[in-house]
């Protein structure tokens, strides 16, 4: 009944790390971002300032959840990042130097995440940052990132609207789901939709937009229910959906609760009377659910079955390096793209200096991304990319229902 | 040899030796009383016999079989009843349950007999034992111990705090138990109660036996000499 | 003074090395003050960000270690502080916003704690109640923080702009100074007179009521104080982490505060703070290397500490400290001649009835005893003697009748108020405060139970004790063991200690339930002498006793109870002639 | 309506299942087992692993026995040293839970799924309801009855209470104290293992899943009090509150309502018990 995943936050102790203020590194990079100046070396010996020297290697910090409730997401991200690093270095590295990657754990919570970022910035002296974390964690370290001035690539699908001059987003934002919802109504036949999501900012932002899209396509939203984390009994909620006459359900549930929901849904017999579009069932999750996932729709920028040569090559290399690993999914692939984008930007700029990197990242194109052509808009700093409406089969493998190329992230930021 | 035998027993708490080289024996049907001032190790001796404390030397035999080293509940199940000095009742449970829990085997004939000695306990069967007065609690302990011991009963100051008028009941109960062949070992301060009962007496001082022998007319003086010292 | 103490002087018996109250906190603070010179700037800023945790752990040590309240929801207070600070700074300019945040956060935490304390403490409340209540509160608060997104930012929390200076050193020392002030402030309280009372509440929250202390009030105040300090820590945490997030308000974070406190040492404020800093610093160092294994190791360490080291990692210091630096004992000085007692009856009761279920334990038509006399209460087992003593000390809340004690109607008055009428009680089995020193036990017995402002700050080093009580204590070796924990005394010495505690307060009415049980005649005589002396100086002494010879030697008047009723009342000779008494009690009847 | 009522029953049944082992351990031994959720989690894992080797039902039995044996071992190593230190048992078992969770987490980050042996909904008074949910409700009812029988007709409960209140005395009247301790604790863990395995098909199996059951189980246990039977009304009160508020409001409100009701009920219960 009462279930915030309270006890699950096992790692609080590991981290319990607060956002301490950055010291010398901040001033160093700030001055670097305005004009290439001499690095300040006095305050922090460990700090290798992002200077203009082309000989400086690209040092990328990657923040993700290796422990805590979101620990499910981190390890495949780590494996994917390592793959990207290897591939880049095999092709000669960045500016003739091998790219360096340092992974840090955010412990699935903001304070640990902030600590991890301050370690990357101050101790490791990274000159670019990639994060695959939830929004709460991102908010915990965002001010540090802003102060540091180094390029930051955020690779999680999120609620949108995070804007910093030095931040770039690869990952779906709600506006990009517009064609997915419309297709769910028109192509799949969802007429009366019920929303079920966790009670936090992402579903709270996503559902009103989804409602607009669904209604503009002729569908109707008949109800919405937000639940606390750790909910595993959805009986009362499914009853509400049934009473509301829903013929389809859109779910924005994260973590283990989604699996519990799917079982509740099946055991109640509502899988016969309703269709489900999940905004969170990534490829690996669908595979873990197996037959239970059959018939559930998904909408993502990426899925493991994307039919491009780049994707097939990437998956083959990934499988070869990690035979037992989880399948690729939209989160891992976006992080892969993030690393590739940084490498490409650094090569284009010919330096790892922050302002040059940021300039190069704005508007950068990855025509051969595994998910298809991808562009980081110079104006919004968010990615324009392909979206896919998917449906899972009996083995929990997604197949494509419909693809929507070059979907704009919409009004996010304006630089 | 039958009954309870203690040979050169030494025991104590941790590294502190409290009881040294105590030997005694209690034949079936015999009553032996141990006297001594406070803190001479009487209770410690009994706890050693009962297996609560490890023995540093010596051994304890029950009907010729060694029982020392065995765990307390095994010793009790072998037929040795023990009434500790402290309030040894389960105060949250009823009198009836207190008796029932201690019952060894299904037979409660002896319990009935003992309840006849202490009719007050029978009246209080459904009451929680903690609500009994101090003297009634002692009666309950006496019933429980004497009814369930099949070979040896060890009573540690069973009449402490009992009003003089009731001593007779306790004497009667102990005699009755003795008459069915129990070896009975009493630890007492109350000479008036214990001396008329006992066949043999032992006086302890500083953890050792300082005086022992059959109870005779002059025993009282012998014992008092040690107690007054 | 020397003369008054028959040549005994404590000054000469005191070891030269003292263990000042400030030793632990100051050692910790000196180390922390030096840290910026020993660590690199990244570690300095890490360490600074752990000060709020250290404060929360210290506050829990005060509440749990010193007062025995295991609060499982400290994070609710911590989170209130953090959210209040975040809302304040979000809504107003930084300075007034911060002030408002501190004020509102601390006030809200204090109010919440007060409510929880009202609900959870009391004569009849179980010790476990507060743990359950705080547990539920923390879980509920986390739900609330997640639910009311518009106020709390939900899962994302409320991010803050930087308030603390960018310079890591400056920001470190700001936290350090705040931490030092709170730590020293709490340390002053724990070593004050109130500190002694708090510890006695922890040891036996019921017994202390019979000395006139409103234990409930003490618990409540300590709990509220701990909540306010914790909320303040929460404010500081929001400033360092620049976010107020729901993971700071829930049960998980509460348990980590408990974990730090237990690992460091719950019995010392400084040790608990040290535990928080240590665990977090080590986590920080190891997290990059083997995070998973560190979690497992931490859990193992915690289990081991709980099982084997109740003092946490602080135990070697504590053991060494108590060996090397015995704390300075109280100076006992003979009391000024006690105030004159009133004449006449100390107690008059009419139609007193006490039932336990269907069992009538007490049913007395009229009973009284007087000042200036030793009155003995005798009767067979189960006659209701202990019930009457319990009644007179205020421990029976559902008795009926009319009872005037020291001129006041006493029915329905809580125990501690009855005690403040000047009534002290000695229990049948000795009940002393086992973890307090013998000196502190005597202090608890003799102190004026009213808590004054100075009791929060000052630790009295001198205590007036009646001369005869002092000689009783000396005769039985208590004065030689003033520094030892009362729990380490032998059974008999505990009896004497409790008698001395009861007599030390110079109460007008003294109730003793078999004070001489299990004692030898010489010791009995000593106690008897004191009681007679006490009565001669005007007090009313009521003593339950079995030994009629002893009663004969001290009592002026005897009350005889049987089956809850008073069957005789008179002088020794009157009662021993009484037919009913002879029949019933002495067993000499037909 | 039918479905709403059945859902509430199900909520109550889950509370009974997750509290049963806790009630045995707390009610009889006065030990609060904060590792109970992790014991359930282990039960679910055993059922998950057993799936590849044996039928589902046999897996439940294996989970019960396996976790029960583990409980006996833990009692020997850990709990035995903490009797009558009730607050320390909270801390020690909480640390134990953390340890178990981390150990499992080091091997398996989670999110496995176990299928129920029968998954199809059945029709009750015209509405579809999960057959497995019905089974859980029935099982909880049987469990409750069994507890009542044990409490009412055997002296087991009293023996255990005697042992806890005065182990030395219990030895002195011939009770094998060590065995009683171990068996009671083992029974608590056995029930946890069975509950975890039975509920596994309803949830996602992960190292962190135990926490979800502990809060409800803990509150039910505290309200249930010293008798095994109290679990029925306690689970009814909390589950009913949750069910009502989940229907008329939303899930978050329901969980807060349950906490508030639990606090009020706890206060009333405590002032009644008079201690």
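Every chain is named by a letter (A, B, C and D) in the order it is written, and numbering of its residues begins at 1.
As a working rule, a residue touches a chain if its C-beta (ideal position, glycine included) is under 8 Å from a C-beta of that chain, and two chains touch if they have at least 3 such contacts.
Source: prediction; values computed, not measured.
Looking at subunit A and subunit D, the chains that touch each of them are C. Common partners of subunit A and subunit C, by the touch rule above, are D.
When you average the Cα atoms of each chain and compare centres, the chain farthest from subunit D turns out to be B.
Just to note, of B-C and B-D, the chains joined by more C-beta pairs in contact are B-D. Centre-to-centre, using mean CA coordinates, subunit A is 77 Å away from subunit B. Per-chain CA centroids place subunit B at a distance of 40 Å from subunit C. Averaged C-alpha coordinates give centres for subunit B and subunit D that are 44 Å from one another. Mean C-alpha position of subunit C lies 35 Å from that of subunit D.
Among the residues of subunit D, those touching two or more other chains are numbered 98, 102, 105, 215, 219, 252, 255, 259.
Within subunit A, the positions touching two or more other chains are listed as 2, 4, 6-8, 10, 67, 199, 228. By the definition of touch given earlier, these chain pairs are in contact: A-C, A-D, B-C, B-D, C-D. By the touch criterion given at the top, residues 37-38, 127, 131-136, 160-166 of subunit B touch subunit C in their complex. Contact residues on subunit C toward subunit A in their complex (touch as defined above): 40-42, 45-46, 48-50, 52-53, 139, 142-143, 146-147, 149, 153-157, 159, 161-162, 164-168, 171, 237, 240-243, 245, 247-248, 250-253, 256, 259, 279-280, 283-284, 287-288, 291-292, 294-295, 298. Residues of subunit C touching subunit D in their complex: 70, 72, 119-120, 124-129, 131-133, 135-137, 139-140, 143-144, 146-147, 251, 255, 258-259, 262, 292-293, 295-296, 298-300, 302-303, 306-307, 310.
Those residues of subunit A whose C-beta lies close enough to touch subunit D in the complex are 1-8, 10, 67, 69, 71-72, 75, 199, 225-228, 230-233, 235-237, 239-240, 242, 255-260, 263-264, 266-270, 285, 288-292.
Those residues of subunit D whose C-beta lies close enough to touch subunit A in the complex are 3-4, 6-7, 10-11, 14-15, 37, 97-98, 101-102, 105, 109-113, 115-116, 119-121, 128-133, 201-204, 206, 208-212, 214-216, 219, 238-239, 242-243, 246-247, 250-252, 254-255, 258-259.
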